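The first chain written gets the first letter, and so on, giving A, B, C and D; residue counts start at 1 in each chain.
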Amino acid sequence: MSKKKNAAFSYEENTYVPTAEDFVLDLNQDITTDRNYASQGFWKGVFTRFFKNARAVIGLVIIVLIIIFALIGPGLNHYGYSNIVSVVDEETGKEITARSMPPHIPALHKLFTGEDYDDLFAEHTFIFGTDSMGRDLWTRVWYGARVSLLIAFVTIFIDMIVGMSFGLISGFFGGMADNIMQRFVEIANSIPRLVIVGVLATFMTKGIGLVIVALLLTEWIGMSKIARAEMFKIKGQEYIMASRTLGAGNARIIFKDVLPNTIGPIITQMMFSIPTAIFTEAFLSFVGVGIMLPQCSVGSLIEDGFNNITTLPYQILPPILVLAFLMLAFNFVGDGLREALAPRIEDM
Amino acid sequence: MGRYIIKRVIMAVVTLFIITFLLFLLVRIMPGNPFPSERMSDEAIAKKRAEMGLDDPILVQFGNYIAQIVKSGSFGKGSSLYNGAPISSVLPKAMGNSFRIGGIAICFGVFMGLVLGIAAALNRGKFWDVFCTVLSIVGVCIPSYVFMIFLQYFFAYKVTIFPFYFNNRNFLISAIMPALSLSLFSMSTVARFTRNEMVEVMDSDYVLLAESKGMYGTKLTTRHVLRNALIPIVTVIAPLIVDLLTGALVVEKIYGINGIGKLMVDAITGEGIDYNYVLALGILYSALYIGIMLVLDIVYCLLDPRIRVAGNKKKKKKETGTPAAREEAVQA
Amino acid sequence: MADKILEIKNLDITFTTTAGPVHAIRGVNIDLERGETVAVVGESGSGKSVVMKTAMGILAGNAVINKGEIIFRYKEDDGSTHEVDILKKDKKWIRKNINGRKVSMIFQDPMTSLDPTMTIGKQLMEGMIMHMGLNRQQAAERAVHLLDEVGITDPAKRMKQYPHQLSGGMRQRVVIAIAISCNPDLLICDEPTTALDVTIQAKILELIKRLQADHGISVIYITHDLGVVAKVADYVNVMYAGKIVEVGNIEEIFYDPKHPYTWGLLSAMPDLETDDSRLYTIPGSPPNLLHEVKGDAFAPRNQFALKVDSLVEPPMFKVSETHSAATWLLDPRAPKVEMPEELKKRIVRMLKEAKQDAGEL
Amino acid sequence: MKKFRKMLVALLSVMMIATLFGATAVSADQGGDIYVMFATNVMSLDTNLATDGDSFEIIADCIDGLTQMDADGAAVPAIAESWDVSEDGCTYTFHLRDDAFWTNGEPVTAHDFEYAWKLAMTANLEYNYMFDSSVGAVKNADAILYEGADPETLGVTSIDDKTLQVELEVPVSFFPSLMYFPTFYPINQAFYESLGDGEYGTSPYTFLSNGAFMLDDYVPGAASMTVVKNPDYYDADRVSLNSITYQVVGSSDQALTGYKSKNLDIAKITGDQVAAVKDDAELAENLKVIGAGYMWYVTFSQTENPSSDGSLANVNLRLAISNAIDRESLVDNYVMDGSLATYTSVPPQFAASATTGEDFSADQTRFAEYIGFDVEKANAFYETAKEELGKDSFQFTMIYGNNEGDEVAKVAQAIKEQVEAALPGVTIDLQAMTKAERLEKMQNDDYCIALTRWGPDYADPMTYLGMWVTNTANNYGFWSNAEYDQLIKDCTSGAYVSDYDARWEAMYQAEELVLKEAVIAPLYTKAEANLINPALQGVEFHPVALNRVYKNATFGN
């Protein structure tokens, strides 16, 4: 077939001409050891397949980088995430804050233009500039990344543990059990988030803990739907009946037999629930139930940046880029995981 | 199939009733009172509470509320939101706007999502696949309201193609930008899911068999690949529909559309919590959600014979007991 | 000499995988005479199904054809014979003219070979409507006839049923019906009976043989089970690590094997009389073709390996008109090595049995 | 694959062409049609239910009361051509014009006023306090409102169709200027009673106007609404605008874009957008800063309650916090829209003395001894407070509204930084909530510190000073001071009622008491930075009662 020829591989001929003495039995070989495929456990196989996948490794590297920056980022300069940089004007004695300054890096500025800044904050370095209150955005973005990373991993946890098992179990048993569980889902999903959060706030201390509980109550529904749909597809397969006849309990069937084959859409859905959760956290913080000002998260920084999006566009860029890279990384890792957990065997 | 639907509709009504009661309870537990006022004296507040019947026991209030809906079909009037305007004069218009714009957003989003997803699946590794991956990242990270501002700034200010604010008179033109910005999230989700699902199906044995039968191109894709990939895709689309119809609150706020999204936020975070509006909107949202989930289950049966026929199969085994089963065993 | 329906000439393929290029097929030559049955035998991972998928033009996306030709000769309905190199044709042309019409294929796992969301009837009629231009009604009739021919009872009812309502054996019969629905000249069976239990396996092989006789189809069997080969094949190609290491007719391979790997395969075959309790297995496993093979790929597992085997790959030595093997043991300079005792005894026994069967006939 | 790409490109181009032909963006430049911005939804057009400035603005567009505001905020005749006041100043007789009609053709009669005022006794729970002795002092108002008397006994009678007589308990100097406040507007009884419960004022068909404009397009909660010129208004020739379209715009950034794209003729901007406009010479010309009249201040709960340990009962602690706040920095760096740092408990620019004409709070340094930005003085107060309380670290929670303006969250965070920097050992946690929730917490005395505001309802300092009398609704600090209560009582009904200057002086003493005890820590008087289309002239802005009046506005010519 005349496929679009990507580079055909050429292998040079081995032109060695054997001589008489080559024809002697080479008995010293230990042919019992198996050098080609040392026996690999399932997880070791997954591990090797995952790390052979370039995109997955890139994704992992990005996540690790973001985590590192989130931890050490705020420490790199002497600005705290909440302290306002300001200077007192000699004549009027009035305080002037470094508010709404675009990225302001003296070193680079000197490099390109050869001279220093001439404004009041000449020697200050604001890599991402400052927010409209005069706080260093670099510190706040990385401080915010901590909160949002926590939310991201909590979401993955919720999706995997609560959402997926609920969906799989509901799908697996079907009949009355499925009906009841689905009605429960409909009820849980119908209460507006603001009402749930309002009620929670009456007996819980406000803060990231409450946000996590709120997410726990509402974020798993999307995943349960996907898991249930996947279960329907797989449930009828013969190998499920087969493993049941072998005496496998329901739990073993669901998590050992069905799960690996449904991992595809489940991981895709997990990737998509992360940004939704991050923006939910930002919304809850805005309403006053999540983190307290002057703390921040990537989501809240995006909302703040949004307030001045056409006048000071630079403010919304850093948090959105961090979120975008985080999502890109999670997607690559997700694809890598899906490939590693249920590899589609190449045509050998 | 008919019997199944009737059973589900009854279940839906029961569920809706439970949700209404739960919502009725939760709204009253929430902090924030229905009449925030800096000037009203305590007697005046007491008078208004009595007028709204807030001091009766919960169950009595709930009974009146249900009776009111059943008898006059009205959901009462607001306690503070737009100061007591009856729900029947505010909600229909808001629903009209939200559903029409949400509808356009869904159709456009899902259609483009499917097209892009299919294109990406058929061109693995090439341009469309990369484009689909990038779009799914962008569509998810950039909130719809940021995209809305972007559209408004460039297409209604720098170049005046679209009106700057939503105005009801020329609905279609002013609906395009909000619908486009709202469709971004659904488009990227659907595209991503379609691509992943189709890639999985395309590697399956029955597609290999179909190809070896001589099927190719669009015929292969539509008849074999898409049908099998549709189940998870449909599952993703269903909740998107509900969210789009009700969840566009920030975009509605920016573009000046009074839809149910904005109505709900005003009802809770506006001038005090408006019990009747929160309840009416809550019931509307859950009715919508339950309805779409019912449709989703029906679509499952249509799409996947294993679910539909599995139902009959059980029946079959009971009826024919041994003969068919034995004959089948012999035959195999 | 009947004309050759299929000629695969030094086919060379590499797969680009995330772990790097895998040189899966390293110069394969297979011929198939019209009306005959050829078996391609080898352990899994030797590349046998890759070759056949290439012939069918349904190779995976990441495969790269380095060199080689696949000449396919077929007779058009008007009797004119055509010769075409599959590798030169584009996918669309192959689908339109070859797949399902001139060549069809049966796969290993009947469970997943049929589209779960489509009735048996529809999947059967699809090919016919496309290739033979039958209208829906005619196709339905022929479908019922075909289901009956492959031995499925009450075919009319089966037409409306879905794959998951049928047992494994029945599903494989449906797949076979689909394969022969457009009277192909060549039927490629990729381990058709591996997923089935023995009783059904015999029925399926017998069915294929009968269809082959009735319709004059030539068949290629891809299998790792020599028991199947013995029953059905005229010629056998033994494949190892992407190359044909031995080829010959059924008698030559079973009674006069020359390649140590073939010896290993034959002695690994269980039969009633073997006395030692443990079954003989070829040590080690097929090479990972990620790293380029130097010398004879089988050397690391070959107890009769020579020094030269690790230096350069053995060419094909011609043993008889139809029998040749790629092992340095056939080189005049090599020391005379006999096949293992165990295997010799077994071959003698098989010869005796064969004469008895022949006698009774 | 080519097919897909072709299809996609075709689809996109079709969409583009369709919109190009279809769209002629609605631009704001036709004749007298102007587009004005609201920040939040209009609450209601029913004078008895409306509570926010935006609703009052639209109601005032459409309905005239007995008097109306001139450019400087003084009361001038409207539906009442003239009025005579009895010697003791307690009886007003209003003579109504003959040519004032409702849009359904019926004439405006004295009965409409009588009916509306008596209806307000029961229907207008928010603002009927303006009839009682603390404000308008209409006869029997206190008896009706607080002792359950029959509304019919209210001191308002329509002598005949065109004469309305009002009796007051005590003379009220600013009574005519009360009349232009919507609470005192007329309602056509027949029309009002023909509508269902809650239907009045929910659409152009359930609303009657007799003013300069009439309702053209309105739905409750609408994001945009339009009023058009009322042809049979008695003063129609003075009105030159064709229509006013109000557009609800959520964010200041959006308002700026709206103005620049000529979709808004009046746009209200805050914070960073004001700074951006000031940098742009051409835009800066059209920037007009208008005193919005309402004052933002911090109030301390002086009691021990679930949210506060009661340490704020200590005067010195409150004074320490009040003096640790840099008000100039708040308005320069965070509010930035022309708001004025305020050091008096009655904000400037809204109440002028009738005799001297001088603004009550013109001198912002009057109470410099108690309120200012002086870290040393603040620490001095702080040290004494620590000794008196025997504690050296304090944990406070400040509550603020998240739907009361972009700058509120910024101010809260700035105060936290400033106070924590000035007074080591003090930490202030910020708790955001809706305005409704904040009010509920303050009214139930379940808060520690609150960032709140108060707008004047009438042009007299008493609208503020009345807040801190013991047990009034707005005394959120639950502060009680006998001397203060007596002073206020004298001003409203006691000795000073007739002696204008003495009352003025007594109010200063009352104000000093509030600041001496730091019952509240005034922050700034909110101004509103408006971008106004230079083609629009003559719009009157007022800090009190009605924010914007368009009767004399002209556009385009």
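Descriptive notes on the structure:
The criterion applied here is as follows: contacts are C-beta pairs under 8 Å (C-beta built on N, C-alpha and C of every residue); 3 or more make two chains touch, one makes a residue touch a chain.
Bear in mind that the values here come from a model prediction, so they are computed numbers and not experimental data.
The chain pair A-C and the chain pair B-D differ in C-beta contact count, and the higher one is B-D.
Distance from each chain's C-alpha mean to the overall C-alpha mean is smallest for B. Between the CA-based centres of subunit A and subunit C the separation comes to 46 Å, rounded to the whole angstrom. Centre-to-centre, using mean CA coordinates, subunit B is 40 Å away from subunit D. Distance between chain centres (mean CA atoms), subunit C to subunit D: 89 Å.
One simple way to say how far apart two chains are is to compare their mean CA positions; for subunit B and subunit C this gives 52 Å. Residue positions of subunit A touching 2 or more other chains: 236, 287, 306, 309-310. Residues of subunit D found to touch two or more other chains are 251, 253, 257, 402, 433-434.
Multi-chain contact residues of subunit C (touching two or more other chains): 91, 116, 164, 168.
A list of each chain pair in contact follows: A-B, A-C, A-D, B-C, B-D.
On subunit B, the positions that touch subunit A within their shared complex are 11, 14-15, 18-19, 22-23, 26-27, 29-32, 133, 136-138, 140-143, 145-146, 149, 153, 189, 192-193, 196-197, 200, 203, 231-232, 234-236, 238-239, 264-265, 268-269, 278, 281-282, 285-286, 289-290, 293, 300, 304, 306-307, 310. Residues of subunit C touching subunit A in their complex: 12, 14-19, 21-24, 26, 44-45, 47, 49-50, 53, 57, 59-60, 62-67, 86-91, 94, 111, 116, 164, 168, 283-288, 292, 294-295, 299-313, 328, 331, 333-335, 337.
Touching subunit B in their complex are the following residues of subunit A: 179, 182-183, 185-187, 189-192, 194-196, 198-199, 201-202, 221-222, 225-226, 228-230, 232-233, 235-236, 264-265, 268-269, 271-272, 275, 279, 287, 302, 306, 309-310, 316, 320, 323-324, 327-328, 331, 338, 344. Those residues of subunit D lying in contact with subunit A across their complex are 251-253, 256-257, 271-273, 275-276, 326, 328-329, 332-334, 402, 406, 409-410, 412-414, 416-417, 429-434.
Contacts from subunit A toward subunit C in the complex involve residues 1-3, 5-11, 14, 16-18, 20-26, 29, 31-37, 52-54, 236-239, 346-348.
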